[in-house]
Amino acid sequence: MTGLVWTALALPLAGAAVLAVLGTRLPARGAGWLASLVMLVAFVCSAIATIMLASRPHEERAVVETAWTWLTAGSFQVGLELWFDELTAVMLLVVTGIGFLIHVYSIGYMRGDEQERRFFAYLNLFVFSMLLLVVSGDLVLLLAGWGLVGLSSYLLIGFWHQKPSAIKAAKKAFVMNAIGDVGLALGILLLFIELGTTAYTGVFAGAGSLDSWTATIAALLLLVGAVAKSAQLPLHTWLPDAMEGPTPVSALIHAATMVTAGVYLIARMNPLFHAAPYALETIVVIGVLGLLMAGAIALVQTDIKRIIAFSTMSQIAYMFVGVGLGAYWAGIFHLFTHAFFKALLFMGAGLVIHALHGEQDVRNMGGLRSVMPKTYFCMLIGALALVGIFPLSGGFSKDAILASALEVGTPLAWVAYIGGLAGALLTGIYTFRLMFLVFHRRMSPYAEAVAPTAVKHHGEGPSSMLWPVYILTLGAAVVGLLQVPGLTHVFFDWLEPIAPAGMVEPSAAQEWLTTLVAVSIGVAGIAIAGHLYLREFDATERMRLGRGRLVDHALEHRLYWDDLYAVAFERPAQWLAAVLRRDVDRPVAGWLPTDGLGTLTAFLGRSVSVIENGVVRSYALVIALGMAGLLLALLVRAG
Amino acid sequence: MITATTLITVPLIAGIVILIVPFAQRLAGYLALLVALGMVGAVAGFVYRFEPMAGYQFGDDAEWIPQLGIRWSVALDGVGLALAAVTALVVACAIGYGLWARRDRTHATFGLLLITEAFLFVVFAARDLFVFYVGFEGMLIPLLVLLAVWGGDERRKATVQVVAYTAFGTLLMLVAILWLGLTAPDGPDFSMAAAVGRGNDLVFWAFALAFAIKSPLFPFHGWVMPAYRQSSPEVAAVLSGVASKAGGFAFLAVLVPLFPEQSARYAWLFIALGLIGFLWGALLAFRQPDGRGVIAYSSIAQMSFVVLGIFLLNAQGSTGATFQMVNHALVSAALFLLAGWLESQAGSGDFRRLGGLARSRPILATVALVLGMAALAVPGSSVFASEFLILLAAFADAWWLGTIASLGIVLAAMYMLRWISAVLHEREGDLVGQLRPPDLRSGALLAVLPLALALIALSVAPAQLTERVDPSSQMMVAGAFADKEAR
Amino acid sequence: MGIVVFFLAAFLAIVSALAVVSQKNPFVSALGLLGNLVSLATLMLLLEAQFVAAAQVIVYAGAIMVMFLFVIAYVGPRGEIGPGTRKPWQVVLAVVAGLLVLIQIVLVVWTTDFGKPASVDEAFGGPGAVGQAFVTDYLLAFEGVSVILFMAAVAGVILGAGPRPKRLTTDQVMAKEGEAEARRRAASRAAIEAAREAEPGEVR
Amino acid sequence: MIEAPNVVVLAIAPEISLLVGASLVLMVAAFLRGRDRGIGVLLGIAAFAVSGGFAIAAWGDPPVVTVAEALQVDQLTQAVRILVAGCGLLTLLVALGWPRMREAGAEYAAILLFAATGMTLIAGSNSFLTLFVALELFSISLYVLCAFDRSSKASLESGFKYLVLGTIGSIILVYGAAFLYGATGSFQFDGVAAGLAEAEPGAWLVALGVVLVLAGLLFKIGALPFHMWVPDVYEGAPTSVTGFMAAATKIAAFVALARVLAEPLAPVRDTWEPVLVVVAVATIVVGNVAALVQDNVKRMLAYSSIAAAGFGLIAIIVGGEAGSRALLFYLAAYAPMAIGAFAVITLHERDHRGVTTLESIRAWGFERPFAGLALVVFLLGFAGFPLTAGFLGKFLVAGSAVESGWAWLAVVGAIGSVIGIAYYLRVILALYDRSARSGVHAAGAPGLASVSIAIALCLALVIAGGALPGIGIDWAGEAARVLAAGR
Amino acid sequence: MSVGLPFYLSVSAILFAIGLVGVLLRRSPLTTLLSLEVMLNSVNLTLVAFSRQVGGSDGQVFALVVMGIAAAEVVVGLGLVVAMTRREMVLDTDELRSLSG
């Protein structure tokens, strides 16, 4: 069983290495198929391993295995440790499964790009990193995976590296992630110093014995990492910019897998967070604020991918609320369903962009329903799942989170509940704003000029792009049924063992009530969106939501977070570095002023040799004076 | 029987022979490369035979100048072996690169590089202060000549600067060594073992100054910029890659064990300087206009960090510092070779005139990316592992120390990304169109690749190194640690 | 009597020494030195060093002075150069140095109590006593001086040998030197230029 | 009845052989006038070899005081005899490369032999009278040797300057000896020592005598403020003579100074010690600083030899067994470096047909790899880099200073050495200036082979003295015991 | 002896100083050599005076040695002057400045 997991872990790495080394010696198409094949095998391995895990008795489901000692120093020891349990299995399946589909999709999407091989190498590398993150049984190793996904994300966002905006976005993502890495690393350091180990077994066992302050600080430091990776407040600003990367990347990394790593981390570290209630409350607060803010900003974005990106941020904020409330299973469940419908939405958007020759501005779309009916249908399913319309997948998972808030019942949980419902309204509006602007209303002149011919020639897309979309559509529609309140209980049962201290589980009544409310709100949102955007209008008109210019301006500028960072950190750092370089380093490092010293010694040397004027009388004079001087000194001293 | 003495004498003799025997130019180069590869093999044999718990090994101990109590005493422990291994690799790659670059007057360049290697081995293996001094000072000569003769346009000024700084430090150290050796209780004795704990503060500072300048530790880095910028790539690689490690190694293997009491007492100062230097170098690297500037200041930052790690005086700190030195040797040597390759192809290292090199140069892009990512310590890389150990040590010492130090890691990400994108990405610079060979290939690639592969290997199993280093490095700081605890 | 002779001799010695130093014509200076020697010989006689006094006159007046006069005659008017006064500081400092040395020695001499001079017998200072000391206790010095004189003779031959030069005035000599120097410089410059411009192959 | 003084002929055999050699050379020269005169030089070499052979054969014999107590023949004297014979031998080899040797080689050899006789005598002198005679013997010989190249105005000028200033120095020495005679009633060293021991402390007369004697001797070693003649004379003299002066004169004068301080003046150490300390520091500083701005290589080496004299003075001040041993080793180590360096300059003068300056030596190292490398080694030896005899000399001197509480003098010496490295480096940089093309090219000429042999011998000595100095240290220690016993 | 030792020594010192000043001031090489002779003579006087004071012949022997050496020096010095004359050099010590710096 563990062998299969190791295989699943190693295959993408091998794939990446083979692609990198062979490079141009591979046929262009072959790279994509090879990478996809690797993913398929990895998925199959994961699936079999999961089945084998499921066949075990409950108490034997957490498997730990060390391949070799990775790093030692003194009492510090980190093994290359595999940790395979129910949560790992879910993540494995999501990563390999969705990952496989997106690889296949990419074959079509990237066709014709001269750097295809590099793209698939990066993609495989990313999958390896993500798998390392989820299967590692040691925090340091998790951090390694954590960093490597950041790296692959950087590489993929900046894939079209001749675009300065892409490189800028990639760097931004990497630096933000690095801040998170450092936070996470500090948390791990603190845990090691308190517990003497970084292996999960030791940490879980010792978490309970930590005093609450230490636990809180450690948990908050881990949270910094989670927040950065999952693009939550206040380290979220990289995610919208990350849409500069190719669309499959957005689908894989910035929707289905990497950004959810923060949720996974919190769920994984639940024994620690359990010991740190303040940290859990912080997570809820971050989640509520994030889901509202991201939803609001999504309302005014004009880039199709950015709208989906903010939606992602908002949905992950829901997951944060879920895990923050202690309903780890609900958070992971939402992660699971979200992976399907968000990947679907991105890939659908990708089809649209493909058909429009790379256009991403929704103002230049419109009326595509007739041209791209298959795409429209799939995306509609995805959008409905996102809004949480019964019985599609998103509804079940999101409502599970909200219902958990009801079950918890604290004031903060009520805030979360209300906030979550408000968020559902925003979700409805922005999702269908997108759908209406893209597929309904009258075609924009650009779309009219481009789309019909493109579709006529190539169809809505090559089959390698369409089939993954279909499969995801199916998934988005049905995976919610794993956990129908009162009927099926698969997900909760499966994940229950991961939280030794137990998980919050709402009653069926709470869930159905919440579903009722949430679906109504979602439908209301769709209605509002229809009211606002389903009218015919000139595409050049600015798409405002409210009347107040201030609000619009603020939302369009994403609530000034970027400007805040620029003013607070980036510019001072740049200024400081410039000043240090220009004015400070030279005097400080040049404490031995070789120039000045050289001039000084040269001056001294010249003054000394002035006496050496070649005149023998002067020499004799110096000798006489020297003798007289020595004599004088000695006589004075003796006398 | 191959011992540490073999390690020293073979490159020394080979270097001198290559220097003076008038072989054909190419032949001299290939001979030098052969010897350098032989040294890699010899060191590999040592690594294979090394017993981590057995202390100093492969040693020789013979009378040298009995009148002064000076012995030819050389042996390798884990720390010395790690650095010797990386030295052998870096020098081999540097010679390989020089061969590719068709350096003129091959005899002299490669002969001198081999002699440098021999002296570096002396430093890493010395168990006698006199022997140590010979290595520490001796390695300067060939490097200086290499800098002064084959350097860039301002090589004279750079040479003078290097000499002024380093000679100043080492000569004061010589006086200190004399004091230690001649005031030994049982007649003159220059062995390190006899010097443990006998030094006073003045002697301590004389040593510390020499090492701080060589490392270079902030604020003794004034010579670094001119030296790294003016020397030819292979020499810069050896200078920043391994020669600077002599300073860091000396802190760990000489200063701390010999002066446990002072080391514990003044550890705070070195920690402070290390911390400042780490951030300082990172900030300055961020604003450098060319590749060499970035690498040079990042080297200052990294070596300051190493010193910080050493003076935390615990197992993780010292092992981490050693590991970090190995990593940095590989990274900076490879980066300098790469920067040199770029300059030789494009005619400039100026960021404003480069860029977009990744386009249709996949090999260059891959190698540069791997190195860049290693340099910025992406988690999972070997540099990350070593930095993590030092951070761990810092955090264990004081939480705020670790927290501030972690800032430097974020800064490292910023400047290395700037380097990568300025060279590889974005729009093509005006010089890039004129490049002759389109991609990193053949000789130059073969010179850089082993360094990159070594980094990757260390990333996969860093414990292979730390397990061998750990017992030795713990021994080195044990005395000072006990003193610190007693305080 | 002794006092009168002493002061007379001392006065003459000083005056003649001043003459040596101050005269423009080296011939006159040399004659001044002769007077100085004789005065000193007188003083030595007062100190009962008859043999040394005699040697002083014989060696100096008989040998050294003659040599001087020959060379002065050989060199001719070129030897006549007035006291240099181009740099006042040189003069001031020279006088200061001289005075400083003088004052210090005189001070030491007059503040030291030497005690009574030793009583000496008749033979003291005579050729017998000094001669005996020379070939017994000071044999090595004696031999050494003879070796030095031998060597000096050889050196005189080496240095003095060669073709006889033309007589020229100072100005002519200086002008010629200037020309020669300029020629030499030009030649060496040309040689270096030529070597620089040559192809490496030719250089080899 | 006059009794002949006792003379142990065997004890003064080296001097006798030198003098006989000189006479033979002159006689042969008289017979062979007009023909190839290399035979005169060969005879000179033979005389030096025989003289040195006698001294070596007598090594370890019990000390003898001979020639009516004028001369003490002990280990120190033997050591100087051997060293001077070696210097003379090497100098004659170098001189063969000088074109004028074909017409006046025999005279040159004869006068060199006379000078060497004076030097060996001064080392063994047992009275101020002997000291003075010996001093004059070699001084006057050197005046002649300096002016030996009559075709060169610079040579005549240097000879005349040396003569005027040297005579002033000698007069001062005699004057001092006279005052000491007045104070003690003797010229014999033991008599003076006995008299001074009884004299009231701080007597002005004694102080006067001591200062004048010291001034006379310091003049010969070229210490401040009596150094003024050194640069001009070194520059103007034929280069082989300069090498001989830098090496042998220094040995003789230093040993004489050490003997005078250790024997007659030992009781008044309080008087001369402060004088020497001031002089030593000033000499080191001024010598090094002034050397820094010289463009003429011979002149630069002259200043460096002034600085070296300052370093030797440190050993003199320290005195005792350690200091004396260090002094002797330092002088012995300095000799081959000086002769070798000036031999290389001789070679360059032949190639260049002109004065050796930093400009004219540019890129010459590539023309003559062996000579260039040798010069580098000699310069590094002067600078005190490890594995050269010069380093060990400085090591011993600084070591003796540190050991006996004069550590600050060692530090001054170390700082001087730092400055020293800067100007030696200027030469090395010029020697291997890759951007310049050598204006001269190496050409064979008669006599150059012997110069090369001399360079090779010096090189071997310098490296052997640095790598395996044990014998030399033992040897210096034995010779130095004489001086140490006096205190 | 009617005049005390200090008188002789003073006369010697005065001559020494005169000779020294002569060397320091005169530019003619011949006069310089003559001034040196004055200095040498003054030292001889000191030696002889002390010899009388001490009552040994050592000082006188030394004085004789000094005389001999002075002769040798004069030979070499004058030989140099002659050689310089032959090389048509200016006989002015201030002009002997090709070696300086």
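We call the chains A, B, C, D and E, going by the order they appear; numbering starts again at 1 in every chain.
Heads up, the rule we're going with is that a residue touches a chain if its C-beta (ideal position, glycine included) is under 8 Å from a C-beta of that chain, and two chains touch if they have at least 3 such contacts.
Computed from a prediction, not measured in an experiment: that's the story for all the values here.
Ignoring chain A while keeping the rest fixed, chain connectivity by touch leaves one piece. Between chain B and chain C, the least number of touching-chain steps is 2. Shared contacts of chain B and chain D, meaning chains that touch the two of them, come down to A. Comparing the CA-atom centres of all chains against that of chain E, the greatest distance is found for A.
In this assembly, A is the chain whose CA centroid lies farthest from the centroid of chain C. Ranked by number of C-beta pairs in contact, the top chain pair is C-E.
Here the spacing of chain B and chain E, counted between their Cα centres, is 65 Å. Centre-to-centre, using mean CA coordinates, chain A is 78 Å away from chain D. Rounded to whole angstrom units, the spacing between the C-alpha centres of chain A and chain B is 36. Centres computed as Cα averages put chain A at a distance of 97 Å from chain E. Residues of chain A in contact with two or more other chains: 598, 609, 612, 614, 616-618, 620-621, 624-625, 627, 631, 635. Within chain D, contacts with two or more other chains are made by residues 129, 133, 136, 140, 143-144, 147, 150, 160-161, 164, 168, 182, 203-204, 207-208, 231-232, 294, 422.
Residue positions 84, 90, 93-94, 97-98, 101, 104-105, 107-108, 112, 114, 137-138, 141, 144-145, 148, 151-152, 155, 158-159, 162 of chain C are each in touch with at least two other chains. Remark: the chains found to touch one another pair up as A-B, A-C, A-D, A-E, B-D, C-D, C-E, D-E. Those residues of chain E that touch chain C in the shared complex are 1-3, 5-11, 13-22, 24-31, 33-35, 37-38, 41, 44-45, 48-49, 51-58, 60-61, 63-65, 67-76, 78-83, 85-92, 94.
Of all the residues in chain B, the ones that touch chain D in their complex are 19-20, 22, 64-68, 104-105, 108, 133-134, 137-138, 141, 144-145, 148-150, 156, 159-160, 163-164, 167-168, 171-172, 174-175, 178-179, 181-183. Chain contact summary for the complex, chain B toward chain A: residues 157, 160-161, 164-165, 168, 218-222, 224-225, 280, 283-284, 286-288, 314-316, 319-320, 323, 356, 358-360, 362-363, 365-366, 369, 373, 376, 378-381, 384-385, 388-389, 391-392, 395-396, 399, 402-403, 406-407, 409-411, 413-414, 417-418, 421, 424-428, 461-463, 466-467, 470, 474. Per the touch definition, chain C reaches chain D in the complex via residues 104-105, 107-108, 111-112, 114, 132, 135-141, 144-145, 147-148, 151-152, 154-155, 158-159, 162, 188, 191-192, 195-196, 200, 203-204. Residue ranges of chain C in contact with chain A, taken from their complex: 84, 90, 93-94, 96-98, 100-101, 104, 107-108.
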